[in-house]
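Presented below are the structures under discussion, each in the form of structure tokens.
What follows is subunit A paired twice: with subunit B in the first complex and subunit C in the second.
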Partner chain A sequence: MTTDRLRRAALARRKRSLWIAVLLAPGLIVMGLFVAAPLLSAFRYAFYSFHGLAPADFIGLRNFTEVLTEAPFADWTWRALRHNGVVFAALMVAQNGLAFLIAFVLLKALPGHRLHQVIVFLPVVLSAVIVGFLWKLFLHPLFGLVNAALALVGVQGLPWLGDERTALGAIIFTNAWHWVGFPALIFLAGMQRISKETLEAARIDGAGDWRLMTGIIWPLVAPATTIVFILTFIGSFNWFELPYVMAGLNGSPGGATDVLGLYFYRTAFGNVTSGLQDFGHGSALAVLMFLFIAIVSGLALRVLRRREIQV
Partner chain B sequence: MIGKNFARRAFAALMMAGSLGAAAQAGEVTFWTWRQEDKAAYAELFADFTKANPDVTVKFEAFAVESYATTLSTALAAGRGPDVIHTRAYGGLEQFAKAGYLLALDPKEVPELGNLPADALASETLRSDGKVYSLSFASQTLGIFINNDVFTKAGVQAPTTWDQLIAVSKTLKAAGITPIANGMATAWMDEVFTSVLTNPFLGPDFVADILAGKANFSDARYVAALGKLLELRDYMPQGFMGIDYATGQQLFLSGRAGIFVGGSFEIANFRKQNPKINMSFVAPPAPAAGAPRYVSKFYDGGYAVNAPRRRTRRTPCAWCAGWAPSSSVTSSRRCSATSRRSRA
Partner chain C sequence: MQHGERLKNGLIQFLLIVNAFIMLYPLVVMVLSAFKTNAELFASPFALPESFSLANAGRVWSETNFVRYLLNSVTITAVSVVVIVVFGTMAAYAIARYRFRLSGAVFMFFLSGLMVPLKLAIIPLFIQLDLLGLIDTRLGLVLVYVAMGLPSAVFIMTGFLRTLPGELEESARIEGASELRTMLQVMLPLARPAMVIAAIQNAVPIWNDFFFPLVFISTDRLKTLPQGLTVFMGEYNTDWGVLFAGLTLSALPITLVYIVLSRQFIAGLTQGAIK
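Up next, the complex of A and B:
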């Protein structure tokens, strides 16, 4: 009787694992075919020299040393990496800082806060291509809204996307406009989890908005900060759609907006004029980007998680 | 009743389609290009070709210009792709030829190669083996477009020297017209703009020195020629650093600007976008009166044969020569002879 029951339980377990395997299979197959396989082939290509479009000889780490240390690749690599760093820092301060403030204001549940919540989040649902195209039109030196508005108050606007000093900033601004609602939502969710008693106790003790925000809320939304930091980091170093739409594959003007994503793409797949494809160096760049992002976000995650526990 | 009739007709149509499909496979040649805009012209050429070679039909497929190279290289790597490939010239050809995807053209099989100038052949030659892999389809000339109506209204004439260009620009600007339509926000167009306006200052001597390795692009002559471009800043659209190619074209086509620096590849597009435009395409201004007005030109690409596919399908090799409109009749005859030979 008991063995029968055990056997039945084992059978049920096996049935259950089979069922789980069947449910997982489609996802696994798709991920394997379209994510893991290309990733592995990029790893492989990074170690080969190319004879035109066909892989020729195994050359070890030469593609890597060339993109990191030799002209002309090295200058482009470091310039692109520097720009990615600027993008990350600017987005952390401007986009996510603003998002934190917006979340704090929304938390106060002032009249109309629900409508504002929707408005702030609305651009996030638009595609990056649409946002990039729209802002490219807004920033157009002759027909753009921005310069037309400036002209009304007697200021002559700049060619925002054509000037080396303002082009990257203009694209970062567009990115912040597009995405600010997302970190705001994460911060707001984090803030809403803080117990009312804690906040009220602080108020009774005489804490103003600033003290409340910096002394109570900021440490208590640490898990939200971790998520926002990591997502912004990955997004900034994989940045592609917006600069592609707004500045083109060359990172116009004159490489002032060149970032790793654009640089990798035009190296591996060629740009409009030349169509020259260099899979060896392109794959090496892709592998380096992958390793850099994986390692730094892994480390950051560890540090930030520890900080969460401390507070 | 109606239902049955419909079913019978549908079945008949299906059979027709099936048999046509089978027949087409036997003698169908596929052609890939990035130039969708040429579809109508190719349809005419292919019809003539099929008239002369009733057993061969041609299937035209065009792809977006930005992704053409990627689509093509992916297809070729997978052992597929068209029989005949529209290729880019120079380095864009080299990567395909080097990988063994293109058939080296034998001058005996494609005698039309003999009609091409040496620089056309050079643009389709793989440097490492000296063989020609593609039959040139177009050479593009770079120069400046003049909107004649705008010029007449402002009482100026097409400039022939640099000083005249500046003088004309001043007059146009005083009349409230943007003299030069071009902006700098489209990288590849900057190459065209720079090449058109600096070449008259540089001339063939500088090109020879560059090719011989005696000069580079920090040469005093080149720097001086680039410096001349700065004089044009006042005569370009406001915020020209942020004006892209498409905006520049529209400024010219709408008559808001008088001059557009570009290439012969614009002509058909300009005429299509504004059929009423009264424009001239002229050589860039000379550095001084009486000096030669040098014009830049390049080869845009050619027609090549997919080598691995030919080995399995025996595509006639010389047939693509039949498209060259100037020699279409004679070469299609020769083509049919070759295709018979290759099928034998």
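Up next, the complex of A and C:
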């Protein structure tokens, strides 16, 4: 009698375990095969030289030292890193600064504010390939819309994407146009969480828009700022599609728009002209990029989170 | 005071209209240019087209593999998103509704996928797909997208499923419903809004992705829309009307869906970041 009940209980337990396993298995298998395994291999491969697609000899840190300190790799690596830094700084100031202002104005809920949200977010849902090609046509030195518009007001336009001084800036501008709606709506969501009473109280105390924005809203949207900072950082150092479409795999003109994403792709999978694969140096670059992004965003997250608590 | 306030709001409204113009005008020009001939484009770039002729769009449709690319993108995105939501909901249901050993560890394992940019593991992924014979196949691409999308789906669905009251499944069990029936007929219908968010959050980046097809797919008839667009832009680079028509047609599907579902799109795409 009791043994029978025990057996039934054991059976039910086993059935329950099996049911949980069935629920988890598909997800775990896919994650294991296509996330965990490749990530672990990515670290291992960086220490090997390659014959074609297969790792050949263990060579210690040589891929890393070559990529970081030896010609010709080192020059490309540091130049690309510098460009990514410029991209990040410019996007933080121009794109996200503008996004903050847009969010502040939308918070006023003037007529049409909902429609405006839909409009600024529209480019966000489009592919970087579409946006990149569209602006490449607009920025064309002879037939592009931008220079045609400048000509109307009597200004001689530049070959924006063909000039080393303006090419990176032109792509950064395009990125800002493409993405500005995203940080804007993240800031707006953060601002909408501030209690109405807080804002009312500040108003009654006679705070104008400027005081309200810098003294009350800016510190209180710190969590949103953290998110925007981290996502912009990760996005800027993984930047690939827009420069690929607008400047090509070599970061033309003359490498003025070469960034880590393009350089990594070129090294790993060969550029259009040479077509040679170099998985050893490519893996070393991927590991370095991964560590750099993980460490810096980890540190930034700690600093920014502390700032959130203080206010 | 009142007057000053109204003046200020008027100025802000004006700046917002300027901003809306900057965001929309390039897209309007893209669409209008799709109806123009080269001569018309270069002579009067700002004017309305002389006629709304579909000649350019027709050439994109019939002379290129556009339809093929479009169908590939639809298939790959749809299959990936369905699998992500199904597998993700299954795993989330186990994590959220049952107590078992390692439950926390399993959840962390899924979440860790949120932190790593899978692009940086592209070399081992390439080698692995090559070993499995999945390079240059749509299935290979789908599997990578599923792996990429599962962490966020598990995260959203677990968070949502945990909020459902336990009495619901208790009463279903007392009535003798099996675990499977309890899940499918009692619990999951309530989780539909979260599933929509998880689906949109994954559908948009997959639909727009360019990097993975660039690395994995080389056969022209297997290419996705963003990838096919790069082929097309190279081939027709002297025929700007056709180029604008190609861009317009490529942007059209997602723009139409966005106009209908803008609220869900904005929620889905920003919620992942805000959590």
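By our rule, the second predicted complex is superposed on the first by the 283 of 311 C-alpha atoms of A that agree within 3 Å, B and C clash if a C-alpha of one lies under 4 Å from a C-alpha of the other, contacts with A are read in each partner's own complex, and residues count from 1 in each chain.
The rule we apply is simple: a residue touches a chain if its C-beta (ideal position, glycine included) is under 8 Å from a C-beta of that chain, and two chains touch if they have at least 3 such contacts.
Quantities reported herein were computed from a predicted structural model and do not represent experimental measurements.
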{"item": "Which of subunit B and subunit C A:Val35 touches, first, second, both or neither", "value": "second"}
{"item": "Touching partner for A:Val129 - first (subunit B), second (subunit C), both, neither", "value": "second"}
{"item": "Partner chain in contact with A:Ala189 - subunit B first, subunit C second, else both or neither", "value": "second"}
{"item": "Touched partner set for A:Leu53, first subunit B, second subunit C, both or neither", "value": "both"}
{"item": "Which of subunit B and subunit C A:Phe233 touches, first, second, both or neither", "value": "neither"}
{"item": "Partner chain(s) touched by A:Tyr263 [first = subunit B, second = subunit C, both, neither]", "value": "neither"}
{"item": "First, second, both or neither for A:Trp179, with subunit B first and subunit C second", "value": "neither"}
{"item": "Comparing the two partners subunit B and subunit C, which touches a greater set of residues in subunit A", "value": "C"}
{"item": "Residues of subunit A at both interfaces, subunit B in one complex, subunit C in the other", "value": "53-54, 143, 269"}
{"item": "Footprint of subunit B on subunit A - complex, ascending", "value": "51-54, 139-143, 147, 157-163, 248, 250, 252-253, 269-270, 272-277"}
{"item": "Subunit A residues touching subunit C - in the complex, by the definition given at the top", "value": "16-17, 19-20, 22-24, 26-28, 30-31, 33-39, 41-42, 45, 53-54, 102, 105, 108, 110-113, 115-130, 133-135, 137-138, 143, 145, 148-149, 177, 181-182, 185-186, 189-190, 209, 224, 227, 231, 234, 238, 240-241, 244-245, 261, 268-269, 279, 282-283, 286-287, 289-290, 293-294"}
{"item": "Touch list for subunit C against partner subunit A, complex", "value": "8-9, 12-13, 15-16, 19-20, 22-24, 26-27, 29-30, 41-42, 45-46, 86-88, 90-91, 93-95, 98, 100, 106, 109-110, 113, 115-128, 130, 143-144, 146-148, 150-151, 154, 179-180, 204, 207-211, 215, 225-227, 229-230, 233, 240, 243-244, 247, 250-251, 254-255, 258-259, 262, 265-266, 269-270, 273-274"}
{"item": "Subunit B residues touching subunit A - in the complex, by the definition given at the top", "value": "65-66, 68-70, 73, 76-77, 88, 91-92, 94-101, 183-188, 191, 237-243, 247"}
